[in-house]
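As written, the chains take the letters A, B, C, D and E, and residue 1 is the first residue of each chain.
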Amino acid sequence: MSTVILLALTGLGLAALYFLVASGLSLVFGLADVLNFAHGLFLGVGAYATWWAAGNLPGAGPSGFGFVVAVAFGVLAGAVVAVLVELVLIRPLYSRTIEQVLVTVGLSLAGVALLQATWGADARPFPRPAWTREVTSVLGANVPNAGLLLIIAAVLVLGGLLAFLRFTRYGLIIRAGVENREMVTALGIDVRKAFTLVFAIGGAAAALAGALGGVYFGTVSPGQGGSLLIFAFIVVVIGGMGSVVGSAYAAVAVGLLQQFVNYYGTSGLGDLCVVGLLAVVLLLRPQGLAGKVAHA
Amino acid sequence: MTEPVLSVENLSVRIVGLHILQGVSFEVASAGVTVLLGRNGVGKTTTLRAIVGLTPRNGEVRGTVRMGARSLLARPTHRLVRDGLGYVPEDRCVFAGLTVAENLRLAERRGTAPAYDKVFALFPELDRRGRQRAGSLSGGQQQMLAIGRVLLNDNRLLLVDEPTKGLAPKVVTEVAEVLERVAESVPVLLVEQNLAVVRRLAHDAVVLSAGRVAWTGNAQDLLLETALTKSLLGVGSEVKA
Amino acid sequence: MTNSVVEAPPAQVPDELTPGHSRWHGLRPYAPLAALVVAAIVPYSTLNLPGVFEGPLNSPGTLQLLAVCLVFGGLAAGYDLLFGRTGMLSFGHALYFAAGVYGTDVLITRAGLPLWQAALLTVTGGTILAALLGAVALRTVGIAFAMVTLAFAQVGAILVARDFGGLTGGEEGLPLDVAGLPSALVGVANTVNLYWLALAYLALVVFVVHRVSGSPTGRVLAGLRDDERRIGVLGLDPYRFKLVAFTLAGGLASAGGVVYCLVVSGASPHVTSSELTLSLLVMVVLGGPGTRWGPVLGGILYMYLDHRLTAFGTSDVVNSLPAFLSHPLSQPLFVLGTVFILAVYFFPGGLASLRSRLHPLLVALRRSRPSRS
Amino acid sequence: GSPQDTASGGGDAAPVKVGLVYSQSGPLASYGKQYIEGFKAGLDYATKGTGKVGDRKIELTEVDDAGDPAKAVSAAKDLIGKGYKIIGGSSSSGVALQVAPIAAQNKVLNISGAAATDAITGANRYTFRSGRQSYQDVVTAKSFIGDATGKKVVVFAQEGAFGDANEAAVKAVIGGAGATVSSVRAPASATEFTPFASQIKNAKPDLLFVAWAGTTAPTMWQNLDQQGVLASTQVVTGLDLRASWPTFGAAGSKISFLSHYFEGASDNEAAKALKAKVGTIDLFHPDGFAGAQMVVRAVQEGGDDVEKMIKALEGWQFDGVKGQMTIRPEDHALLQPMYQAKLSGSGTEYTATAQKTLTGDETAPPVTQMKG
Amino acid sequence: MLATRGLTWRIGEVAIVDSVYLDLAPGEFLGVIGPNGAGKTSLFNLITGLRRPTEGRVLLDGEDVTALPPHRRARLGLGRTFQASSVFGSLTVRENVRLAVQAHRGGSMKLWRRAAADREVAAAADAALDRVGLAHRGTALAGTLAHGEKRKLEIALLLAGEPRVMLLDEPMAGVSAEDVPELVAVIKSLTGDSGRSVLMVEHHMDVILELADRIAVMHHGALLACDTPDTVMANATVQEAYLGEAL
């Protein structure tokens, strides 16, 4: 029994991590219609900025309130970089989807190399409060605290994003802008601002995932974002492009599936199952589990 | 006669090497409907889009367009619209993925109260179908939505591109009535193929031919002269409505 | 979002379906032939291009680099059959290439088959694989299609990495056992033969793609790119045609894999990575999708940069720069990524559009001269 | 000209050209950096600061392979085509395995670098190695359990060739000595190891051998620790680069390390010379150092004749950074000392201390058949 | 020739097309009118197979084709145009029509033949372009045509397929008045001789009245009436629901 609980909770922790990465991706993809391969870069920026802040920023540190400050700094850095990317690189290419994908591909190559040039290829220990290394006993299972932290963060992010989309006018503008930018402008709305905002939110979400991922992994390295990204893509697609709620469901499905199959089946089967799940979902329901965020 | 609300001078548009508008000049009177006529492909839509700043990226616009003392060409579209230039595009361009209500909500402008009652009085259908996705509306319903969207706000000038295209005769009549009423308070620059509608609404007419202005003057005069309409618009006697 | 069909690449009319207008019209059909002849006699040249290549054109190092570039030129041209000409965005094209590389290697090294049998079996197998997976993946469209193909490719990558039965060598890769190969393909002194092999592959792909694009089927593919529903209403089954394109492209890619395996004499898991598909996309766009020479040039240029930038990064020029410049510049991927971003901005239609983009400039130059002539 | 003329080697006083193809960029850039630093220090040491063998200067050409075998093959072909008789440097196993056949096909000397794969040993007559191989790691691990008879050993390794090699080696070495060996394998891409940790815990082994490389290692250790594996059994693993030491965190002190090298593991002339050059010695410095020593030996005895170089290296014994090294003539295995170590410290400051040194003979892998 | 039996398409509770029984005799010209949103385009989508009906059947020459995909129905001689022009934007006008001709004549699955060399296809395509008066635009990219020209191209694409049953969805929408008679003549010439049947949605009443043998009136998805033009025009319900008061 305790094994099942352990697997379920650690699986949920993994799911939370996937969701944190996927949420920003899904938002930017679904709303701004940009398949953002540079998302891994935002992740890396968040992680490195948090790491840097904990060591160098006055007031920030590896534990207690200082850690919160460090993470906040990381998230801010992620958002700022995302905004810069949007303003400088993506904005001039709106409505040219393929080119945008290409630019973000180029950016992911260059950006990760830049992180590596600055901080080296090796993993660095990530500053984190001592309690995140410990475990909490839940019905006899020793559940890592870092996983629980991820679950809480994921729930908060999900709630925040839904509130943004449902209760703000920006949600509407963005969805309309995806369909026909020109016409939104012709209604007297500066659609560019809304898109920049989406990128900022996506970048912040990615940076948060990077920072908390650093806590979870215990290290930060330039390539970390990239390896998480492939699962995040799978989650986004299974969940239904652009549906934040769908991403949440999909993340849970993927995390649990991976964890249980890896334990009860032969190892590595978990990854294959996840890919299989993706193929099955797409063939049966090409639009993914949930519809667009419009109906979230 | 008072100052024109809009004056277009020597407007020229090139798109990928095609010289679509070649020095178009005309004025839109400060009241009533001015109609822009011409055969398919002469550049009516291109003219309207150039005025609101929606010429495609690979296009090049020359000349001057003024609304009052203000020059329009250099300013971004959303500014122009906020300053009171309403635009109903040719192919309706409702947001297919949004509901009807959301389409309308999007058109609300900060600072002014949206005139929902006015719009719903004109198009009760829009009120009833508030929760339907605009993409699943029929062509006519979409056109109503596109017009209603603009009427939500006060405008200083409306640009309307072929509002009756593909509409049932009954709806054509309704749309014409709506425009007539709208034109009492706001000047309208209208592109229209349906001469019956033109006859009913238009005060002034501008006729384009091959990217140039071929005729300007009183619309009713134009319609009376069969020879003229025939040569400019290719309209024979059989099309009356 | 599945109904938002992936936007077709910047509209390019297939060369094959538009008549030429230029005064060279009569000579144009022979230009590819001339290019082929020039490329074929490159190994006879001792020309030294300092900075461009490490050694003279006929040195093994240069020929090896060129051979790799040519294979990728061909691979990109084959991928363009899907992407540029039919409008299908596949993220899993690397799978069929990898199947070619690993198929050849495993059949020769592990099963001890002679080269021609291994090559034949591999290309047949790769084509069948593409047909089977395509039959499933094509039930979806747009981004969903891209993702299903990506997923299939990911399975390929996992299988190679898992190293079942020690067949693939896992992350260490599998060096090719050259004992059974014709001696003309072994050894540095014979690099020239690999170069010619790669050139032959490139020529084959370009010829096939050209023929197919100009064929009745090619016309349908171009139509599919614009409006699939319309093709159906015209009485043609979109699915069948897409499957044909997918299978053909897959077969061409696995043939490329065979050649690549010989050129680099081995297989490594790099070829199964999703980055490879992404770089294929990069190559095609860099060159100009839907054009005859664009993807080829894009593929060649990309691979050239990919290989040469490592040398650039460690050159003295870079090392003498201040640290904030030299550190990033010594990362080849940084330079490649940056070059790529700049290319997207400054050559939106790819290299192939360069000519038409330069045209107005030339005209303007000619005009600005006083009309003496 | 003809389709290809190969430039020929130079005369007597002409410099000896040595081509090193290693990772300057890419994921293994730091391996490559240590390797080349070590190589240059070793060259300096072996030539007594002259950089020359006799009258002939040793001229290094460094090429980046970015960790990609295809690039490494291209670079090797380029160098060989330019007449280089000595190449070397491979940082990763994938590269080493693909470069080795190229050397054999073209009859040039190849001295592989940091790549640890066993398959390089005995790969062909032309290929030597300057670093250790996985088997030597495992033999060192075995030294932790003393008498293996009846003991229960679990191997925890990642999927793929690296894991396979380690699992096979443990089965052969420790299993061969009488222990029952079982294994738990996890995908290299895994980011959550709790299920594997609890599998291991349930198996209750006497010794756990962990073979894990890559950026997920810290998570893996943390999960093992959290599930109480480290506290309940003896855990052995290889000690990686210094940069990785802090990432063990609290787990570090609970692990028994086998080590290829760390600063302070040996104290001899070569180690001093290396330290003087590079400051702090790290895992792969000795490999580069030994590589340079082998190059100098080969040139000294063989001139431009590759056959003579091979003769001169086979069976050669020399004092490297690690102590006495022997190139076994049968399969070119490099017999060398290995170490047991403990890690202590906290924060970012960790030190390794040697518990025991095993001699080259004690850790010798079985002789393999030379393949070509 | 073409018949629908209780054809129904529901989305949720709403019946967009409501139990429609239609019979189209060989050579007959049936006009379809009805207010915007009556379900005319939806009916076309059901007949051509772009949408699956929730109930009912579509019969072509007495054979049940309800389960066939669009391309199979097209090959049985069912052709249509779209209300919103749908032409192949990145191909030239001429290539557009050649593609349609080739689709009709078979031989599209020929990977190794030069398409441009097929003179018969080229000739048939040029003939179709001539008939709609677009021959002079042959080398223009279809995507750059003005709206009216696209409509003509759309008809040319239909002509090229030589269908036995043609479904025209508002072919005159956006066509300039000058060209209307010309297009009307084209459509008329298609039907007169060969026993082709036509189902046409159109809001231009004069066009409908000129061409149609019978007129079907749709309202809220259902068939309100289907009779001769005179009878239909005299029908009070039709007057009220569709025509409205004259301008």
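General observations
As a working rule, a contact is a pair of C-beta atoms (placed from the backbone, for glycine too) under 8 Å apart; a residue touches a chain by one contact, two chains touch by 3 or more.
The structure presented is a predicted model; accordingly, all values stated were derived computationally and were not measured.
Counting steps between touching chains, the shortest path from subunit A to subunit B takes 1.
Common neighbours of subunit A and subunit C, listed by label, are D. Taking each chain's centre as the mean of its C-alpha atoms, the one that lies farthest from the centre of subunit B is D. Subunit A and subunit E have centres, each the mean of its CA atoms, that are 48 Å apart. Centre-to-centre, using mean CA coordinates, subunit D is 74 Å away from subunit E.
Rounded to whole angstrom units, the spacing between the C-alpha centres of subunit A and subunit D is 37. Counting only residues that touch two or more partner chains, subunit A has 113, 116, 268, 271, 292. In subunit B, no position touches at least two other chains. Shared interface positions of subunit E, i.e. residues touching 2 or more other chains, are not present. Chain pairs that touch, as defined above: A-B, A-C, A-D, B-E, C-D, C-E. Per the touch definition, subunit C reaches subunit E in the complex via residues 8, 11-13, 16-19, 211-212, 214-220, 222-223, 225-227, 229-238, 240-241, 244, 248. On the side of subunit E, the complex with subunit B involves touching residues 11, 33-38, 41, 83-84, 144-149, 170, 173-181, 203, 205-206, 241-247. Residue ranges on subunit B touching subunit A, taken from their complex, read 52, 54, 76-79, 81-82, 87, 89, 93, 95-98, 102-103, 105-107, 109, 149, 153. Within the complex, the subunit A residues that touch subunit C are 30, 33, 35, 37, 89, 92-93, 96-99, 101-103, 105-114, 116-118, 230, 233-234, 237, 240-242, 268, 271-272, 275-276, 278-279, 282-283, 286-288, 292. By the touch criterion stated above, subunit B contacts subunit E in their complex at residues 16, 18, 39-41, 45, 90-91, 136-141, 143, 162, 165-174, 176, 193, 195-197, 200, 233-236, 238-239, 241.
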